[in-house]
Amino acid sequence: MDSLALAAQNLTSPMVLCFALGLAAALARSDLSIPEPIAKALSIYLLFAIGMKGGTSVAAHGVDATLLGAIFAGAVLSALIPVIAFIALRAISGLSRVDAAAVAAHYGSISIVTFVAGTSALGGLGIDFEGYMVAVAAVMEAPAILVALYLARSAASPEDAAAAEEEAHLPGEPNLMREVLLNGSIVLLVGAFAIGVIIGPAGAEEIAPFTVDPFKGVLCLFLLDMGLIAGRGLRSSVKYLSPPVLLFGLVAPFCGAALGLAAAAIVGLSVGGAALLAVLSASASYIAVPAAMRVALPQAQPAIYLTLSLGVTFPMNLTLGIPVYIAAAQAFLA
Amino acid sequence: METFAKKRLEIIVETPVAKQACAVLEHRGVRAYTVMQTLRGLGEEGPWSGEGVVGAAGQMALILAVTTENRLDGVLDDLRVLMRRHFGYVTVTDCEVMRSDRF
Amino acid sequence: MDSLALAAQNLTSPMVLCFALGLAAALARSDLSIPEPIAKALSIYLLFAIGMKGGTSVAAHGVDATLLGAIFAGAVLSALIPVIAFIALRAISGLSRVDAAAVAAHYGSISIVTFVAGTSALGGLGIDFEGYMVAVAAVMEAPAILVALYLARSAASPEDAAAAEEEAHLPGEPNLMREVLLNGSIVLLVGAFAIGVIIGPAGAEEIAPFTVDPFKGVLCLFLLDMGLIAGRGLRSSVKYLSPPVLLFGLVAPFCGAALGLAAAAIVGLSVGGAALLAVLSASASYIAVPAAMRVALPQAQPAIYLTLSLGVTFPMNLTLGIPVYIAAAQAFLA
Amino acid sequence: METFAKKRLEIIVETPVAKQACAVLEHRGVRAYTVMQTLRGLGEEGPWSGEGVVGAAGQMALILAVTTENRLDGVLDDLRVLMRRHFGYVTVTDCEVMRSDRF
Amino acid sequence: METFAKKRLEIIVETPVAKQACAVLEHRGVRAYTVMQTLRGLGEEGPWSGEGVVGAAGQMALILAVTTENRLDGVLDDLRVLMRRHFGYVTVTDCEVMRSDRF
Amino acid sequence: MDSLALAAQNLTSPMVLCFALGLAAALARSDLSIPEPIAKALSIYLLFAIGMKGGTSVAAHGVDATLLGAIFAGAVLSALIPVIAFIALRAISGLSRVDAAAVAAHYGSISIVTFVAGTSALGGLGIDFEGYMVAVAAVMEAPAILVALYLARSAASPEDAAAAEEEAHLPGEPNLMREVLLNGSIVLLVGAFAIGVIIGPAGAEEIAPFTVDPFKGVLCLFLLDMGLIAGRGLRSSVKYLSPPVLLFGLVAPFCGAALGLAAAAIVGLSVGGAALLAVLSASASYIAVPAAMRVALPQAQPAIYLTLSLGVTFPMNLTLGIPVYIAAAQAFLA
């Protein structure tokens, strides 16, 4: 199936349609909404189930040398992409250094739901992937944040530097790296992965009616929620996105995916694993990184980075990106 | 009935920074506070809503602390620094309490 | 099976027993309660699943001319029933015009969980129904509200009219029709229906372990919650219901059902579809209409309309009404 | 530390009307507010509880807005009209804030 | 616009005792109140958080009641007894309302 | 399989690993957390499903005379264990009378999730148990509270007595026994049990995809939450537990289990039923009793009883206790 047919088929999947429903409802100002604790629960479920699935698969197929290569590649991509993104944004977008660095951090880091949608698309096509890609996803969350903060601070204005300095002397100044690494999502993802490795396929069987069977349906509901949030964000904040910034949100994922595919080829991942590394590289964080930016780079504008990541890049990846990345992985690696 | 005059601090601050705001209170001798959730709102940055949101970014927390007047200056000094670049605000209200010792 | 046997069997279904448990717990002042976001999530699940089911069935069986007839019949019933209810209430109940109009709005509109319980009872009897009855349900939500507001306002007291006038000049006076039509429940129901139509049975298969398998169990939990709410309402507000009003709450559904059956016969619905049109006509709203009344008819007393709809009519429909309407549909149409 | 006197509006209103109450605030120049959820209560209409309730009817929202004294009269005029037939009430409290400009 | 002076009671009390605190209010003639949830806090007993907690123990509720000054003494008398051994505290704040009759 | 092998196998079950993950996350100060309404919903689900399961099993296998014996044994154990616990604590721990009585109440009462974990371990071993053990669990909740309050009050200091006296004259002094018996958890457990008895296996089949299939997975998530809470409690309050108190928390469950086994032998329960009576006797409440103590014995320190019950005894029972009790039941009764 060529990439266009894949994309077309993808557009009528229940997942994409649920996202579209949420987006449409929000743009039409419907009061449809998912309560906040339910959205959190859906996200916990997805992290738990996808982590468990990855771990079980590792327990079943064992690990080979590519595991370390893939993890290393993930870390490098997460650190490298923000640098490229930052340079590109400074060149084309007119964003301030701080805003450009904040946006760059989002694109170096990852969106786990995009990853999940990617695994689901692969599953629909019958393409296998390395179970440890879940661990690679976890590894890619943090480096981008560090790099982006360095970029932002290395050239902060004198007032910003002074303000940051003064704030740094307040008690309780958070240990950012610790907080990012012990972030609930990462701990749950890695923990469920480890549990999956320990219990293996036999143990996972016991809880499969919970973790496996309803998975796609839960993903649909979560995507409905993401559509609602994305739509709300677009409605109130699309005005903060200049055309070059919009363009960045649409094009950067493809560049990220290309880097991801190249790295996957070097490391020797399977077609499925390569497609997922492309998806991870292409995806932009909208949970962990925004929170970290509010703490560490408060002068950057969330209306820009959140809207771009959630309202522009996420829908693009979900609808067009994922099938294209899979097709590209098939073309280049098979 | 005898009551005692205290100050009621109400801090509305973006959730990712709530922990740090609490640390500021503790550091300045305010050893009791309560954190509450808020649903949605409007501010300089436009409207926001916590509905359906998974992460802490884009949500606001309310911190309530009743304390003595003499601790106020120190607390406000630090909060002014913290709030300079973060969303939210601080109000101080006069209030009366029944037991003086515990504040 | 005759209607009494049906009713008896219905009374020992897990659904009815769960409702009874909730009702009993609330009347005994137990502190058993379902957290509000969970109740919302259960309701979202049910709307999503029932909408999807209807859409999938339409995709499988196609639509025929009766679709339009059924939708038209639904709209007419929703507009007509409030008029009859209003006249009846004014004749027998001693309610003020405003209260009578507010109650009438509830009975013209529909309760989706009663509808869901109806489909579940049909399923248990192996009776098919037209998938588009979901769309008919959506159509019946709003007209009753418009008609009832017209009835209330056409004879408002001078003070009420003045107050309404003054309030209407406040900023942000809501566009009621827009709000009712874009109400979260309707958007989700219609959206899931549309998704079901697009993905069809093959696509729905993928998420059936989420939308189909646990459906009855989730319905049980939701009915437990409804029992709790109904019991709480009865405990605090049954005193606001005079005997004639109570009588109305018990008898009006049967009149509504009869109208629904007649309309179904004219339109040419199947036995299952006719039973559901009867259920819809017999059911009284307790989510959308009360909220609309608080906005548009604040002087009407919620203690009356909510208690009557949720504490009297809903339990009656759930236990006695549904089996009777199904039996009647079988008798008249088969 | 220098603080500035403002007015803290606390509006408790039935949830279906909360949006309109916010619109009233905005219309009268109050460009910032925060909405919170409440759990249960007692009032002239008897007891209510939001537990397990799906719809907006029968729930109460709390709206918080800190504003300047000069805006108060206009806001209260409109709120009086709105609250005449709706459940809930409005309180105004004196409070102090750290930055005058943003209210 | 004319407003009327009332007292705003804010009671933070451990959830298992919230019902009794409300009964105290009612008994002393306060016929309206609103209960809210809180998320976490710090107090003499150390930190607490309601996150993930199933039971009522270890959670705190906030009770809000606007009432007239003449009811205050009786209410505070009873609340003092109740709060002597329970976690939480009571504050009283001056506030203004729009309608005098309903408090 | 001997008891050590059982314990080892138990340690790598998904249930125990999920608890361990939560515990580790909390101890490492990760911000992982389950929203409060979700934790409540998980608990409601477990009570509903386990009650239903017990009732269905009773409907299938009927009841015999041992039912009454088991219920009576449960009530006696619940009343007796606090007395023994109280004496032991006063002898070894240095706790005040009030604190000792409060702790004793927790150990006489039961933890339903420990019970559920016990049934799940039995299921894994293919050991049947009497369905009415669910009812025995319900019966064991309350007597311990009454006995402990009696112990505490029979020797209260004059000031405490005076304070209690004064408080008792406040309006709204709760009717404690009523509140404990109509406690939401008990009502739901007993109600679901009754529904299970009425609908029987055929009716339960209809909702099994909700109540049975995902059960273990939901239990995993709930145990993750319990691990988080236990870890948080340990982190902030382990300092309140003196070594003798800690020791009590580790040893008392085995004494309770021994009493439970003896009672089971007298009553004539099966191996599975005996193991569960041991589990119930060994388990310590952490939901209903703490709340009752805050109302009725406010001068007792929750930092002691909650931390001991949830942070010490629960993990011990989950990991080591349950397999040991099952092995003991097999050894003594088979």
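The chains carry the letters A, B, C, D, E and F, assigned in the order they are written, with residues numbered from 1 in each.
The rule we apply is simple: contacts are C-beta pairs under 8 Å (C-beta built on N, C-alpha and C of every residue); 3 or more make two chains touch, one makes a residue touch a chain.
None of the values given here were measured: they were computed from a predicted structure.
The chains that touch subunit A as well as subunit D are B, C. Of all chains in the assembly, those touching subunit D and also subunit F are C, E. Relative to the C-alpha centre of subunit D, the farthest chain centre belongs to F.
A count of contacting C-beta pairs for E-F and for D-E identifies E-F as the more extensively joined pair. With every chain reduced to the mean of its CA atoms, the largest distance from subunit C is reached by B.
Mostly differing positions are employed by subunit C and subunit F in their mutual contact, as under half of the interface residue numbers are shared between these two copies. Put simply, the C-alpha centre of subunit A and that of subunit C have 41 angstrom between them. Measuring from the averaged C-alpha position of subunit A to that of subunit B gives a distance of 33 Å. Chain geometry summary: the mean Cα position of subunit B and that of subunit E are 19 Å apart. Looking at subunit D, residues 22, 26, 36-37, 93-94 sit in touch with two or more other chains.
Of all residues in subunit F, those that touch two or more other chains are 33-38, 40-41, 213-214.
According to the touch criterion at the top of this document, the contacting chain pairs are A-B, A-C, A-F, B-D, B-E, C-D, C-F, D-E, E-F. The part of subunit A that touches subunit F in the complex is made up of residues 35-38, 40-41, 44-45, 48, 179, 182-184, 187-188, 191-192, 194-195, 198-199, 203-204, 206-211, 213-214.
Across the complex, subunit F is touched by residues 14-17, 19-20, 22-24, 26-27, 45-47, 49-58, 78, 81-82, 84-86 of subunit E. Listed in rising order, the residues of subunit A touching subunit B in the complex are 33-36, 38-40, 43, 163, 166-167, 170-174, 225, 228-229, 232, 236-237, 286-288, 290-295, 298-299, 302-303, 306. Residues of subunit B that touch subunit D in their complex: 10, 12, 36-44, 60, 62, 72-73, 76-77, 79-80, 83, 89-94.
Contact residues on subunit F toward subunit A in their complex (touch as defined above): 12-14, 17-18, 21, 24-25, 28-38, 41, 124, 213-218, 220-221, 224.
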